[in-house]
Amino acid sequence: MRETIIIEKEKVELKNPVLIEGLPGLGTIGKIVTEYLIKQMKAEMFAELYSPHFSYYVLVDKRGNVRLLRNEFYLWRNESGENDLVILTGDSQAQTIDGQYEVADRILEFAKEKGVRLVITVGGYRDKVKGEPKVIAASTSPTVLKKAVEAGAVNSPNGSPIVGTAGLLVGLADLKGMDALCLLGETLGYMPDPKAAKSILKVLMRLLNFTVDLTDIEKEISHSEETVERMREMEVQKRLSLQKRRKLEKGRITYIG
Amino acid sequence: MRETIIIEKEKVELKNPVLIEGLPGLGTIGKIVTEYLIKQMKAEMFAELYSPHFSYYVLVDKRGNVRLLRNEFYLWRNESGENDLVILTGDSQAQTIDGQYEVADRILEFAKEKGVRLVITVGGYRDKVKGEPKVIAASTSPTVLKKAVEAGAVNSPNGSPIVGTAGLLVGLADLKGMDALCLLGETLGYMPDPKAAKSILKVLMRLLNFTVDLTDIEKEISHSEETVERMREMEVQKRLSLQKRRKLEKGRITYIG
Amino acid sequence: MRETIIIEKEKVELKNPVLIEGLPGLGTIGKIVTEYLIKQMKAEMFAELYSPHFSYYVLVDKRGNVRLLRNEFYLWRNESGENDLVILTGDSQAQTIDGQYEVADRILEFAKEKGVRLVITVGGYRDKVKGEPKVIAASTSPTVLKKAVEAGAVNSPNGSPIVGTAGLLVGLADLKGMDALCLLGETLGYMPDPKAAKSILKVLMRLLNFTVDLTDIEKEISHSEETVERMREMEVQKRLSLQKRRKLEKGRITYIG
Amino acid sequence: MRETIIIEKEKVELKNPVLIEGLPGLGTIGKIVTEYLIKQMKAEMFAELYSPHFSYYVLVDKRGNVRLLRNEFYLWRNESGENDLVILTGDSQAQTIDGQYEVADRILEFAKEKGVRLVITVGGYRDKVKGEPKVIAASTSPTVLKKAVEAGAVNSPNGSPIVGTAGLLVGLADLKGMDALCLLGETLGYMPDPKAAKSILKVLMRLLNFTVDLTDIEKEISHSEETVERMREMEVQKRLSLQKRRKLEKGRITYIG
């Protein structure tokens, strides 16, 4: 494999498709959002992307099955609404600078062939989080940005850059004549963050006028909050026992002195 | 995007054009010079350069608008004088060795197509600065070098190398049959240096026989000098309070001893 | 040399060939297995692979003969059995990400041309080893995996990734319509491990229904175990003499005090 | 510039040419040898090699003249003897792995076009040096190696690898049907080593049956030995004064105690 390739499992015809991309990144938010949509919508994989710019290892599942790192395109046919969804998720982003550009370019070429005119990328944005995580929006089109804000997103506060595939897809889409929107969930970013993912899901539903059941992600959030709580307690215990030991040691030193 | 591309917004016809390049680099001098010219001359952007060798992030402005990193070509039509100016500035230089060569090559191909026969690159040169910063000149042509010196530049004192796009454009121009000149402003280089930029602007005006008002850059210089002064005072305060604390601590130690 | 090339020394016709790959890697197991097969079977080299992605040095043998780093294809004609063997070994793996993909791709293209329909890669797997090292199997085909398990391998315990050429050949083979199997010998991995190599040889013999004499590798194992034993003793001696010296020093300090 | 290019200043016809390569490297030996030959023979530059794999800076000479990093081909017409010499020297080796292969490949393609059938590369070999530095030879051809030994070189003692252009040219020459020889002068390698260069010059003269006056390089050797001697004395002085100061300090401490 000399360059990034896309293998179509099935030739599909799409109705006003919108591409939603979410790959591994800050707080795993992109991947949580896209995998949640795929599962809830029972979306079906119809194409795979492979690249010599992904890492040079292969994955083995529990049954001993091997496969290359890849990105995957899923399709959800929107029977009642306007836009079919093409959902892109995967194992990896490209590992080099020009690899990042090559992969993003290949994704957009493919999306354009399939009739995509709006690209939405999803990821995380590192910040302190108060209450419900905010969803920050940035776009190549003022009209699309306005719609995102109407759907519950807020404008990027200080114009900080967007790194990786979520950023490049938006920037390159503009050159190829497609509209593009980036939605970033506020997150501390130090562990997978389903809460930020849920905020993005809500914006996406309002923006694209579809519905998925959020019960499962709320369970994930509870579970994740319990984990954080347990970790905090362990941390407190550790600190207390450390203080105790230090006092003892100080006592001993005094005694020796 | 697999390779560096230039997108022309408008097909332009140019009169004996000279290319002036200034990109981010030491003391931000190149970028200050070119952006100052663009603003003062009300030069208009007519072409954009994109490259898979720039960093893999996108910029977001205050209104939430997204764009790729790029270099930009501006045009100033010199109604009264001899040479139209093509001014090249931008967000970034290429991030890899062969990327640096590819981008410089693409710039020169484009410049040549547009009729450019003289390329001037602008940057910084790290040195102690006494009084007015000197402008150091190096060229592929003794004639051009002589003119630069007549316009107020000095010869490179010890033949040190010129790194990055400002250097490669000059070296590659020679292979493509264009004359090229590099003007480097003396700078300490640890912060944006409008004073060095002003020295270069003065050389450029004499060399190419045009005028721009320098009032605004003089304001920037004052502003920058005040900032440096404030930083120096803060540094002095910090050192004094540190000395005070140390004396107190010494006192205490003596007492304990 | 701009890309990976394969030079055929001899055009060969093969009977249901199976490719066995073993290159330098963890515990040198891949290389020990393939070189052992080549020696015992008196397999003959019929093709060489060169790549600009190998390191940029050349090898010099004891007679002063120079050659590039390369991979080598050997052929063993299986007169009595079903499958000719193509054995791939060599000096090096590719040094960059996209180089790894390019070399693996070139190997598989060549193997496919030669009629190979099953690719077996061999390497090491870092783990604690109890008794006979286990051979862990992973495959693109459940049928092949089942046969490997019947031949004495075990299923990969926790689905950890397989790094480098041994992994990529398996992953890429699937895209090219070939079956592929990876056999990894359990090893501590800190030195060449003929014992793990022997375990793999036994699986290969049962799987592909051929026989090689294992006497020589058993000698290597004894030799390697003696080396380890000697190193352990040296380590013990070192520690003892260190303890002795420390006691002496402590004594001295006490005396001085 | 997207790939390595060679620009011929003059089309030349050559008589049984031999290529001698010496670029910057260990002890600067390759460069000293080739530049010495060029100067003594008054060889003339007839071609330049440029590469996007060299570093991305340009050189400025004392007169302010700028040029790209490059390699240079010089020609010495051997009026009385058998072989014209093509001498390759330059500013730099390629900075990346595949760049190293690309540049070496381009050099050999060009040499082959010009009728070169023997390639000799020159460099340094790190070792303790007793008396006259030995010249270590390695080759793709036993016949050429034998001739080199007859001319005063010795066989490579332990088959260590040869790194960089000096190595790759030899390894790749073999693939292109040219004979190749590498001559490495023994050196400590921590500074430019004209003595090792002289040893190589003597082997080259005997091997290729030409003569250059060695007076100038002997002057360089004396000069270099004086420098080393001065450095040694400074080192001794430093150590003595350090010991003195330490004694004084010890004395003081004793006194205080």
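What to note about this one:
As written, the chains take the letters A, B, C and D, and residue 1 is the first residue of each chain.
Basically, a residue touches a chain if its C-beta (ideal position, glycine included) is under 8 Å from a C-beta of that chain, and two chains touch if they have at least 3 such contacts.
From a predicted model like this one, the values you see are computed outputs, not experimental measurements.
Annotation of chain C and chain D: not jointly contacted by any chain, touch as defined at the top. Of all residue numbers that take part in the contact between chain A and chain B, under half occur on both sides, making this a different-residue interface.
On a Cα centroid basis, the chain most remote from chain B in this structure is C.
In whole angstrom, the spacing between the mean C-alpha positions of chain B and chain C is 53. Between chain A and chain C, the centres computed from C-alpha atoms are 38 Å apart.
Of all residues in chain B, none touches 2 or more other chains.
Taken as a contact graph, with one node per protein chain and an edge wherever two chains touch, the assembly forms a single closed ring in which every chain touches exactly two others. For chain D in complex with chain B, the residues that touch the partner chain are 1-2, 7, 50, 52-69, 95-96, 99. By the touch criterion given at the top, residues 97-98, 100-102, 104-105, 137-140, 142, 145, 155-156, 158-164, 167-168, 170-172, 174-175, 180, 182 of chain B touch chain D in their complex.
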